[in-house]
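Below are two complexes that have chain A in common, paired first with chain B and then with chain C.
Let's look at the complex of A and B:
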């Protein structure tokens, strides 16, 4: 019984972080599905979200949920402009697009370091305190993080499923030229996909800002996790990203009870290798 | 067409060899010799990465192959006291074997899936050296005190390989051998077959090219050369750590090759020398260095998505009236 409670507790702790990483991964896979570019600067938008949380919520005292909305919209607009100016001509060239995104990573990271400094910044939790029940403990902050990510994932699903823009986005992901022939403005859709992808990463960064410290290099860890999630779930597959995130969250929360941390990481990468060899399209059938 | 391309490459190779061999004579600044040593080592890595990328296989485990060369050689020298000249072929051979195994494992994978798989393999190899067999590979601290290469002896004459200048000439010799082999490959029958595989694997197979043999041979050769660079890295620096062979050095290498241009034999040379010199000049600016480096990357990719040499080829081809389009001559 004790074992089960412990495992359940580990699962809850793992789930809150895994949900946020799913947000990052969803953005990554959204961009890949439309543009065919692996956005290596994706973690930097997560970092921008963290800094937005620090300056808007911590320093300026803005309401946390309002801050999330403002950050989401601002980064979305920023991403839209970046796609129009930078990545649009590189759409058909994945390798050049990848290198350009690497350049963007360096520019954003160094730019933030110069503007805001490299010292760790602490963001106070918007919901302090903890909840007890059934022998389990969870901080209200983590509960908020889980609920907010779940809401964002649901909103994304509704947007893609039912809105006109979402329909156009899915059409462009499926067959670029056919979508253009049917009168969809694929250039605007491409910009929208890039902007929304970046905004999802920024929202994740803003959500996790009170859990970890805010620094210019905070984007590296979630990028690697999102990368693993996206590969496990299948490049460009949105349900796959959720399944991949669940798998990684499970592995990382239950795994350490049986193996050393290095072995857990090794198993994660090993899963990628096996999956790519056996089923390269990912866990979920598209 | 093939002959003139080869002749031009040989002339460029001889000029570069001459320029490189006078570096320690022209400058007595040991720091500059050090930078030149790193450039030559990176040249071996970038040029050997390019032949694989030219087949359409983006191998992100290239620096891991270098790492295998470095770790195997350093461990053999430190734990068993073996000579550098014995560990060199063994360690480079181990890297070639690993590359061959990687190739055989991934025969069925194409494009982004090969790239993703090599990313996972790279991470696994780094984790392995970082966290396992600590008594052999030194764990998180890595290996400290890797011995310098043993002196070269011919009878009563011995050449010690301790000073920076002597190490520079050692890596220069390695680079000359590597570049000669790669030029030979580029203009050989196998090189032509690789060019065909790059353009269309299905068509290449239909005209009787053994595409799998092609890929495996090139991958193993590339792995061997990366292993040689790794062995030199370990013994010239004396300290190695698993992070020396992780994602960051790999991305640096990828930048050299892609910005220089994958389709041209000299692309990685232009990229490696250009970016190494650029980052030396930018070094004093600290964060501004990173900022400018990133800005240059974005600008080059935005203006010349096919790389610097690719853009030059296109401009020259356009300037010559009635000339063959660049994609026809790219392999020649």
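Let's look at the complex of A and C:
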């Protein structure tokens, strides 16, 4: 009974983390599937989301849900503009796109450090309190993060599955030139993919800001996790990102029941190596 | 003729100005000024900056026949040992400093010492670890308590006052964490406390639910946050509270309690103990420290933590030693620091530690144990470092 409670608690912990990992990884893989570039600045959009939560909700006093919507739309628009101005001219040179994303990482991080300083910032929880039951605990804010992440993932699925723009995105991801020949404005689609990818990362950052804290370097760890997930799930595969996120979230929550945190990290990277050897395309082929 | 007089007058004025102008004494400051440990580095840099500005405003530092304006040069090493070597190199060979006053994080101190020691650069730091001081490091001094000074007296106090029998020890998985962890384990064993967990994690980790899921099932009487930085300590406290832990909790390296309380929130941080004289505005806090804290708040708009005062005091004590030596030559200044007693904002500070380190290079003063209670910091006990008692 005691062990079962521990295991259930681990599953709850795993689910709360996995859903956020999935959001960040979905953004990364969406960008890769359309543009073919690995966006090294992806973690910085997560960080921008965290600082948006800090500034809009904590400092300016905006309603938390409204802040989430504003952050998503603003970062989406910012990402769209960045793609058109920075990445679109470099589309024929993937290496330059990669370098540009590294430069963007440094610019965003330094910019936020200058604007807000380098010390950690707290964002008050919009849903304080802890829920107890059957020997299990979960904070209300984590429960909200889980629910909001699940809603965002579902909305993304609906958008890609049923909307005209989503159909165009999927077409461009499958065959860029054929999509262009069929009259799809692939430049606009590319901007949309980059904007939405960045906005998903920003939403994750804004959601987790009250759970953890906000600091200019907070994007590094989610970026590494997103890479692991995308590689495990399959580069460019959206279902793969979901599977990879679930795998990593559960590994990180159940692993510490038996091993030290350092060993669990090692297991995560070990899983990538083994998977790449056995199944180089990842869990789900793009 | 008029032009000649004007030029002569200008030349005289220039010569007079040059003679009157103070020389510049550059003081390097290194630390983590970005990343999870940024608060430490920022406080260290600002503490030195405040003292330097104070000295300059008073007309400069008079040593022998020369008067110096102090210019601090801060560099961020991002808590990374390789970066620490780079910035120490830059300070010593590019900026030509002979003094580095301030650094935190043990691994970066060890890295910087590979540059400072061979070049006879006097290096003061707040980072922990017994290995950073010794006869092999004649130019290195620790300007505040370390694990060696605080852990054993603190645990003895905990056992006597809080009646703890079982402990869970947490720390970051690097040199600082391992060194502190070793001190915590040693002290716990010496006091016959049962160690239920001795866990190390990555400095960037933010989600401790999985770790606490296992540790809290063992029901420890006491959880120690080790040498984690303030932001991480705040997250640990918050998540301990969320997972229902109601036992005693402490933070042996809790020099900047405000940073952790800000992140954790007052409810989750309530009851936190730290053996660090962390209550900078308490009844027992020296007025000079309160003055520094007030000035810091006014200047930077943030509450000051211990490292502000520690590095302010370190620069004060080093400049006192320079005056006593009558030179800025580090070889001679070392002789006027080691084993000496200084008046400072903290009160009397003794540079001792020979019994532990083999050299008198450790700044020593009595320890006050602080607890965060109902939104306020309260002094709840005191202890004396072993080497200070020997003095």
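Some points to look at:
One rule holds for everything that comes next: the second predicted complex is superposed on the first by the 283 of 286 C-alpha atoms of A that agree within 3 Å, B and C clash if a C-alpha of one lies under 4 Å from a C-alpha of the other, contacts with A are read in each partner's own complex, and residues count from 1 in each chain.
Note that a contact is a pair of C-beta atoms (placed from the backbone, for glycine too) under 8 Å apart; a residue touches a chain by one contact, two chains touch by 3 or more.
Because the structure is a prediction, the values reported are computed rather than measured.
When the two complexes are overlaid on their common chain A, residue A:8 makes contact with neither chain B nor chain C. In the superposition on chain A, contact is made by A:215 with chain C only, not with chain B. In the superposed pair of complexes, A:17 makes contact with chain C only, with no contact to chain B. Once the two complexes are overlaid on the shared chain, A:255 sits against chain C while remaining clear of chain B. In the superposed model, A:119 lies in contact with chain C only, and not with chain B.
In the superposition on chain A, A:132 contacts chain C only, with no contact to chain B.
In the superposition on chain A, A:90 makes contact with chain B only, while chain C stays out of contact range. Shared-chain residue A:157: touches no atom of chain B or chain C. Comparing which residues of chain A touch chain B with which touch chain C, the overlap comprises 113, 260, 262, 265. Across the complex, chain A is touched by residues 58, 105-106, 108-109, 112-113, 116-117, 119-121, 123-124, 127-128, 130-132, 251, 254-255, 258-259, 262, 287-291, 293-298, 301-302, 305-306 of chain B. The touching residues of chain C, counted against chain A in their complex, run 33-36, 38-39, 42, 173, 199-202, 204-207, 209-211, 213-214, 217, 230-231, 234-235, 242-244, 259, 262-263, 265, 302. Those residues of chain A that touch chain B in the complex are listed here as 38, 86, 89-90, 93-97, 99-100, 102-111, 113-114, 227, 231, 235, 260, 262-263, 265-266, 269-270, 272-273, 276-277, 280. Interface residues of chain A, counted against chain C in their complex, comprise 2, 6, 9-10, 13-14, 16-17, 113, 118-120, 122, 130, 132, 137, 139, 212-213, 215-217, 220-221, 252-257, 260-262, 264-265.
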